[in-house]
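These are the structures in question, set out in turn.
One chain, chain A, links the two complexes that follow: it is found with chain B in the first and with chain C in the second.
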Partner chain A sequence: MKKTSAFICLAALGAVSMNAAPLLYDLGTPGSPVRKNFVPLDIKSKVWSSKTKLFVKTNKIVRESGVNRNSGRAEPPLYFNELTCDHIGSKGGADLTFSVPDGRYKVWILTGRAGGDSSQVWDIKVWSGPANAAMTYAGAAEIHAIELDAVARKGQLKLSVSTRSQWIINAIAIIPEKEYARVKKNVLDPEMAELASLPPEILKKWKKMPYKSDIPEPRWSAAEKKQGFAIFSRNWTEPVWPEQFPRKSEIGRAVRAFTSLGESEPMTFSVYPLKNFKRVTLQVKPFVNEKGAALAADAVTARYVRYAWVRPNYNMTGFYYRVPEVLMPWSERSLKAGEPLRIWLSIDTKVHTEPGIYRSTALLDIDGQKVNVPLTLRVLPFRLVKNPHVIFAQYYDHPYKKAARAKDDFSRQWWEKRAEYEHAHMRDSGHEGITGSIWFTRDRRSGKLILNFDAMQKQIDLMRKYGMGKFPIPCGMGTSSLYAYYMKGALMGSHITRVKMPPKKFFEDFTAITQLIENEARRRGWPELLYYPIDEPSSQTNSVEFMVEILKAIKKVPGVRTYVTANPAASAYAPMKPYVDVWSCQPFSIPKKQAEADMKRRPGLEYWSYPNHNSGENDHTLSIGTRMTYGFGLWQSGFKVLIPWIYSVTRHDQWNNLDSGTSDFGVRTAPDGRPIPTPLWEAYREGIDDGKYLFTLESLIATANERGFKKEAAAAQRDLDLIKKNIFIQERYRDKELWGADTFDAYRWLLAENIMKLNTLLY
Partner chain B sequence: MKENFAAVLLAGAFLSTAVFAEEKFECQFLDSMAVPRRWSPAESSVSLDDVKFNGRPVLKWVAPVDHFAGEKKYPVGWPRMYFTDFSRSKPVVPRNWQDWDYFEFDVKLQLEGDPQNINCPVSFVIASSQPSYYVSLKKRHDGKIHRIKIPVAKITNPRRITNLGFSISESKYKHGAKLTVQAGNFRLLRSTECTVEKVTLLTPAVTASDNAIKLVLHVSGPASDVARGVPFRLSEMRSGKILRQETLPVQRGEREMEIEIDELNLRPGDYTLTLFPDRKEKKKSVVFKLLSSPYKVKK
Partner chain C sequence: MRLLTLFILLSPAFFLSNAAAENIRIKPLDGKVVIDGKLSEKVWQRKADIEKFYLYGSKPENFKPVQTSVYLAFDNKFIYFGVYCQEPFMKKLSLSGKKNDDPVWKDDGIELFLYPSLRKSSYVQIVFNADGVIFDQLQRESGTDGHDLSWNSGAVCKTFKGKDFWSLEAAVPLENLPLDAPEGDWKFHIARNRAWKNEQYSFVKGIDSFHNATLFFTLSGIRFPSLKLTVLDYDPGECRYGKNRARIVLKNWSEKSVTATISSIGVKSDTPIAPGTKVLHIDWEQPFDAAECNQKFVISEGKRILRQLTLKKKLQDLVGDEKNAVHFIESNQPVTLRIPVNMSDFSAAESQVRWRLRDLQGNVMVSGMTQVKKQSVLLRIFWSFMAPGNYKLELELFCQGEKVAGVSRDLRFVNSPFQGIYDL
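Up next, the complex of A and B:
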């Protein structure tokens, strides 16, 4: 109360203000800290009338990090401030009545950062007359502001709150319409900016490292200066950084793409604003070909690229910078001078689309200035074939785990629906599998084995529903729990660095449990399980010795295969080699010839890669390297499976990459549980498509040779060999020593031309 | 210590500039880098070796791999040694490498007790501003002398080198292994005239819809000579017909650049881009393929 500033409410707790002034309430318990510029509003206030019981919760404001007992790493707390440390909520509806002068208002409501249960899905809808705003979000940390229009009549402004699960409110601002822009800019936006990064006292210890672009400012044309912006087009694999100028050659560059039947293609262009603009709207006209035929109405998905603060490395703290990170569903935008807005269209063609050149226009309205951006899509007359011998999969934190813990039906169904959306998304992007796990332990007192097959069954049922049922599943095991049982509660440490050799009984039990799992898997007709006892064992002698013994214990079960995440090229792991069936490592560390020879020599042996350098674990912007890894790079690697960690990882708030000991990355989630992709995800998909172009042509060359078209087959093979020769083979493809972005498309076009020639010849 | 002292004296004598006319390189030897007391080894040891590389003094760094000893918190650690001279107020090795094109040294690696280690990864780092520049010395443990040539253009801030050194991660080695690194013949080099050291074509294939080809040029030589630019010629590969001939403005170091081709209305085919086309000893060529436009459908 003491900190209440002059310009905020005069009408707290139902008192009437004669002049319309902004009212800013910090909701919570009486006596809890109150945010500067806000006044307290507690559960006993007269503004409330609720049929269901309201609840209030307070979280401690802590700045000191704790320590993860297993890894020994520092773990920051969930950061609260005076505004977010407490909230009022309910499982039912509630009405609020504020005494204010009559007039038009904007209502701003802060909801989230509840603390506690990460499986809870929060749902809030606020009405004021016919106007409403809603938000749904999951977990303990996410926080959102929702806004709605409201009208006060007879000295009262009424709000009604409803929910499908539970709602919470941290703060409410009721602002006269005319005051809204000023209050938003001076108070509300800075509050949201702080909540999207770190508390100021923590952030000041971090160093900002802005991206340094070497693109000079172009000479703006008179028209660009007059209109205050320029439209430019850059290949989608190259990021458009905040505060980066367009290249001269990119301004006015045609926006176009080509696609096979049934493929999805990105098409992007950007607006570089020379001054601020309040409102940008976008409308994409239908794509129509020369004969007047149009692509399906749902063929175009419009998104924009969201900039976000990130750190340079997954678990590094102390440094941060801003990157283009997530492909948000399109909504009206504002423009800030010098910060480009990238618009990202995904164009999906159906398999029966008529080939030809399709044209469309993206209509931009920038504060009333109308801009037409021509779009061209060439639809090619063939379908792509995927190489059945390579597989794309994902490490996956299954939403079913949260669904099982959810305390209300809405939350449970939200997690289940989210899992469905994510499986469909993976399937539609060319992914064929996910990881799984069967957790087990023994009861400390009785020694009884605790093991749950039904959770895995449910996951496999869902995989099968989305066509992922053939993938051999790397199956995590309850090794650490069983180890703790036999070693009196001891921890194995991060990457089993602290592991000590357990008694023989532990390994005998491990064999018996593996046999039990395998019997059940076969009885239930599951896909093959790859037994995956430890993730990323260290190369320390104690770790390797333990790994040898546990792999031996698994291999005592006839016919099963083991899965190890370690680099087969590292000599320290040599003792494990006889017992490892699937090596999964980050780089393509085994040369193609050796990988193929090894796999031929020992049936069952496979080399997989989890290319985390491309997943966003560290750098969120390496689209070009990711495309290379997934397409041309994999083609020349000899590896069989790409399975990066991880589809999506949320630590605290999915929209705040700085607020936890490790960064969020990967696909994000919309309020309805649908996935929100990233440019890196699109690079996976496009790389997979590059691989399909390669395999389609290889298959046609084989057929042409079989049918005696030797000369034509040889000509196509020469082009394939040219591409092969020009690849800068690397163990890890990032953003160096790679083709320019346009060459990926040029080579794809070279493949397409050959595919069309051979198709004409053969069919 | 006596040996080290002697080496310091020698180093002073060799901190000189020599010009090798035939290679068109000017060279400054940095023998004072081969003085053991100027290095700070950790979990390892350094001494002056008996051997010489090219008549120049050689450091011998020995890193025994011990997964149980070393720093208490990280028993599987990082044996390392860094050159401490840059932290002195008047270092004997210049901090500013901006006017040089290359930092070079010779290195010989020997690994004992870990015969299956095919990589033998060793890092050499040069620190200036963030990020530091790392050079991998892996797969060089064949007992032969390897020349390490580091383009100064790769270093973030070559005007102020703050540190350099060798390190290994013990986790990449078997416990009980021993790595010996011999390094010497440290020197800075610069070209005496504008030279294209390397040209990398980033767009070995483009379509007729693309308006430029992209390449990375690594240019060395005195700034005044570089400022005159590099003559280039674009020609049809099969016929040799010259399509464009002019001077490309360049800068010292490594730069990505675009050459616009849209005004040439090139036909699909193979084309050669040649730099210094009339200087046989300096000539460098790359070939790119121009494909038809995907957006022009043949009727």
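Up next, the complex of A and C:
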């Protein structure tokens, strides 16, 4: 790579003045590939101050997939291009000076896709005079562009870079302010679009499957045509797809919601742009009731729905489409003609909020046009009660694992803080538990048992801090490692399809280790551990035979319970039944009556569900089925726990669902480690709230009966029965045979009316 | 934890544009083949057309690959397959299938996927176990939905078992395959099941499902000059109550008129098809009193069956239930209900729903007659002094003036949480 700091006049950018031309630098190793439109800038360039201690790293540009040894499936590499394949970075500060004509500039900096250590948290802050821009992100794949204003004086433009851990830069663009919009549109935005999906040569082999909406284009009013947009409101359970028109009935529809005390409730509305707009700002005025009392200042959280490319299935490649996927914290937006912008407000009421009608206004400024969207919230005079016999939990990839591997304090603290934020988020959304694991093995040479309780202790401490200390923890075990020890390094294969029966000593050892874990768990006062030796065993004979023996080995320890992720309704698993205490399966595969009878007949037996059809593992948009599963569906299932896989899964870049062998999904993470929810997460939360409405009314009916208000109790019971009768009972609630979006609210309101009636009667 | 179900959305355009697949050119038969399982004929005494097979799924410990060689040929009537399967453990062969259409894909054997119909995603799967037992089916669309087990390839297969190998010879009649044209490229896939060892092999590296037609190879060079009539498209219709209409697109490749015979619900009709493409519409009735649709369609030319399709499915209730029993009542606004009606569009145009809303004392609050449209009837219920409470909605469905169904639904009307509240 040749050293250069000359002005670059780029044909692709059109004719520009030689006095102030865009400078586009591709940072990295001398001799490495350089991106079209960019010029190389290496570590020896004069732009760096002499004090700066820099490092440089190069990653190979590979397009061929490898094969995942365990699954046999193709596994794509982390895709780099000329811009991202190498970078310059440092653990300390750095100063850069560019020789440019005096004037105002925009500086664009590309940072990320470092490759390597997934536990590293990258942190960069760039200053130019008083202006600055910063970004923090984790792992090997994430990539961001940051932008800041800069002024060149005396022929120099200075940048200072600082970090709390390490920073890297892949590219820098220094663009005269007047040229910025054009360069961004022609060069920088296409670069970012490519980095957010797949390299063009890979993407061209994929087939785009646009969502087909059956909503016709409405007849726009003269006012809508004149202003260039329409405001519409759709029930939050129904997605607003990119390139989808609003229904005629949704345009101008009131934005309203009702809520109990201490509940969080979504209120959404959307802007359908008939043309492009550069800048949309939002301000939500305080919610004020008839008496002038206002909801707390922090009652409203504003977000917008981010569209993302996804595949139709978690591990499918070759097909992709665009969906509304993540609820991003609100920030100033631009609008593209024909692509709706959905604004998603979460309104949190406190338990002591005065009931009544609260009104507010969302003020939109769309390129100078002011729009008022009226918002009405009815706060009901009661608190909800949760059924203590059902539990909501999550499979969880604990950030503490990465914290333990992190090489610097900032990274470690970031992962630890992230775990705190996520626990708080789960708790605030009605979740009471997560999965855990105790890994163990024996040293190949000495046979010494290697086992660590302290990592689990730390996780349990955090669970307790956030009120999850009573949840029986499905606890993964080091089964495959111990198997390899006794079977000369053999692998069990995906879903233990290759497992062979190990010697008796293996099972004896397994019992002894389980006893050891159980003793320690009791000594430390941990919640109950549910011993979870294998995830999703196959139904092959060899798998089932192995499962029977390993479950027997665990059950030899007095008082412990086992946890198995398999369908109890499948006949192939019948031999395991006597040894399984907790069946966890995806569908509600056991009918309610049978589930309840089985659990009554055998104390300790429980049916749990991990409804991955609702978690976003495949379809990222099934909010309505998710709400059904978590509320009315669970109510009529007989299952005790919902524990989907998984709270959050990031393969490569969390903002790119196409770039790895399997898709990202679930909650995402902001630069400060705080969770960014999805509509599906909100559907969990709202479904849980539906369940609370049901349980609150059931409890009041029981109390009314006890106190002799038989007639009133019977009337409320009739309404409950009416709802029960009108549920399409299904094993998996997705998007078929479900109530309409507004029907959920009608049923919830029926419950609320009855709750208020009985509350008035009883209290 | 991963969802193991893989569903594949396939479209014809994708198959045709999939440039990644490799090409295999089939040769015309040189000499004759006696289908006896022994690869002794001259046609098999050459380099095999396919010799490289890849293990499907994860590699087991102590993995030792075995040889599989495939030979291909065709003549005016058949496509021939000769397959050599090395097997050092012949005594361990797992063979449970005894008669045709037994699930022999679980056995040691060979699976063929022939995709000669590229306009529609219609391909055939033919499985031979090492005893020569055949399973065959027509796959329409993707995955396991749309498979037609009633389809028969008419294939003949024999196998031969040696000391450390077994071999197979099969002849698949061209006339039974879902061909679109007398010549043109096909897609195909061939796989080997080594069931006793729980190993599967495919000649397509990294294929994620044997049915993933996007990764099938191209088979070129095959010709069937005697083919006159082909089915380019067929759609049996809505398969709902009432009058349904099937649509069949035929192409006559010859220069003379050909007679197509269409058999639908036991009624045969002959239609002359002039050279070129012709679209036929066949009307058929689904009786209102049947709980399931069970119809068979056969399209043939002389003795040759071009397509046969059995439609068998449980029908939804004629008058469905939207399960929305609770409705808000708001000032001067009707309560709107969309009741599903599982009736064909043809019959819906001649059908109405008579409805009555009664209170719990049996008083009729309001009634009406509404036309059925597009599988549903839209009711707008409104009367003066609408009040919250429990009601019963009675529905009677009439088709051509005759009552064909009657149901009732419990409804609950509640005041809206925003009754009387106006937005700013």
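Note that the second predicted complex is superposed on the first by the 742 of 763 C-alpha atoms of A that agree within 3 Å, B and C clash if a C-alpha of one lies under 4 Å from a C-alpha of the other, contacts with A are read in each partner's own complex, and residues count from 1 in each chain.
Everything below uses one rule, namely that a residue touches a chain if its C-beta (ideal position, glycine included) is under 8 Å from a C-beta of that chain, and two chains touch if they have at least 3 such contacts.
Note that the coordinates shown come from a computational prediction; the quantities given were computed from them, not determined experimentally.
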Legend entry - Superposed partners chain B and chain C on chain A - clash or fit: clash
Inset, instruction - Figure out whether A:536 sits in contact with chain B (first) or chain C (second), or with both, or with neither. - result: second
Inset, instruction - Could you look at A:586 and tell me whether it touches chain B, chain C, both or neither (first, second, both, neither)? - result: second
Inset, instruction - Tell me which partner A:497 touches in the superposition: chain B (first), chain C (second), both or neither. - result: both
Inset, instruction - Give the label of whichever partner, chain B or chain C, reaches more residues of chain A. - result: C
Legend entry - Touching partner for A:316 - first (chain B), second (chain C), both, neither: second
Legend entry - Touching partner for A:356 - first (chain B), second (chain C), both, neither: first
Inset, instruction - Give one of first, second, both or neither to describe whether A:753 is in contact with chain B, with chain C, with both, or with none. - result: both
Inset, instruction - Could you tell me if A:743 is touching chain B, chain C, both of them or neither one (first, second, both, neither)? - result: both
Inset, instruction - Tell me which partner A:67 touches in the superposition: chain B (first), chain C (second), both or neither. - result: second
Inset, instruction - Could you look at A:376 and tell me whether it touches chain B, chain C, both or neither (first, second, both, neither)? - result: both
Legend entry - Where chain C runs into chain B (options 22-30, 94-102 or 202-210): 94-102
Legend entry - Contacts on chain A seen with chain B and repeated with chain C across the two complexes: 209, 254, 256, 258, 357, 376, 378, 497, 540, 722-723, 726, 739-740, 743, 746-747, 749-750, 752-753
Legend entry - Parts of chain B lying in touch with chain A, wherever the complex brings them together: 67, 75-76, 114-119, 130, 171-175, 200, 202-207, 209-212, 214, 256, 258, 260, 289, 291-292, 294-295, 297
Legend entry - chain A residues touching chain B - in the complex, by the definition given at the top: 209, 214, 247, 249, 253-254, 256, 258, 356-357, 376, 378, 497, 538-541, 569-572, 574, 722-723, 726, 737-740, 742-743, 745-747, 749-750, 752-753
Inset, instruction - Spell out the residues on chain A that touch chain C in their complex, using ranges where they run on. - result: 65, 67, 69-74, 205, 207, 209, 254, 256, 258, 312-316, 318-319, 357, 359, 361, 372, 374, 376, 378, 395, 490-491, 493-495, 497-498, 535-536, 540, 565, 586, 610, 612-613, 617-618, 645-646, 662, 718-719, 722-723, 725-728, 739-740, 743, 746-747, 749-750, 752-753
Inset, instruction - Please name which positions on chain C make contact with chain A in the complex. - result: 1-4, 6-9, 11, 14, 20, 55-61, 198, 206, 208, 214, 321-328, 390, 410, 412, 414, 416-418, 421, 423-424
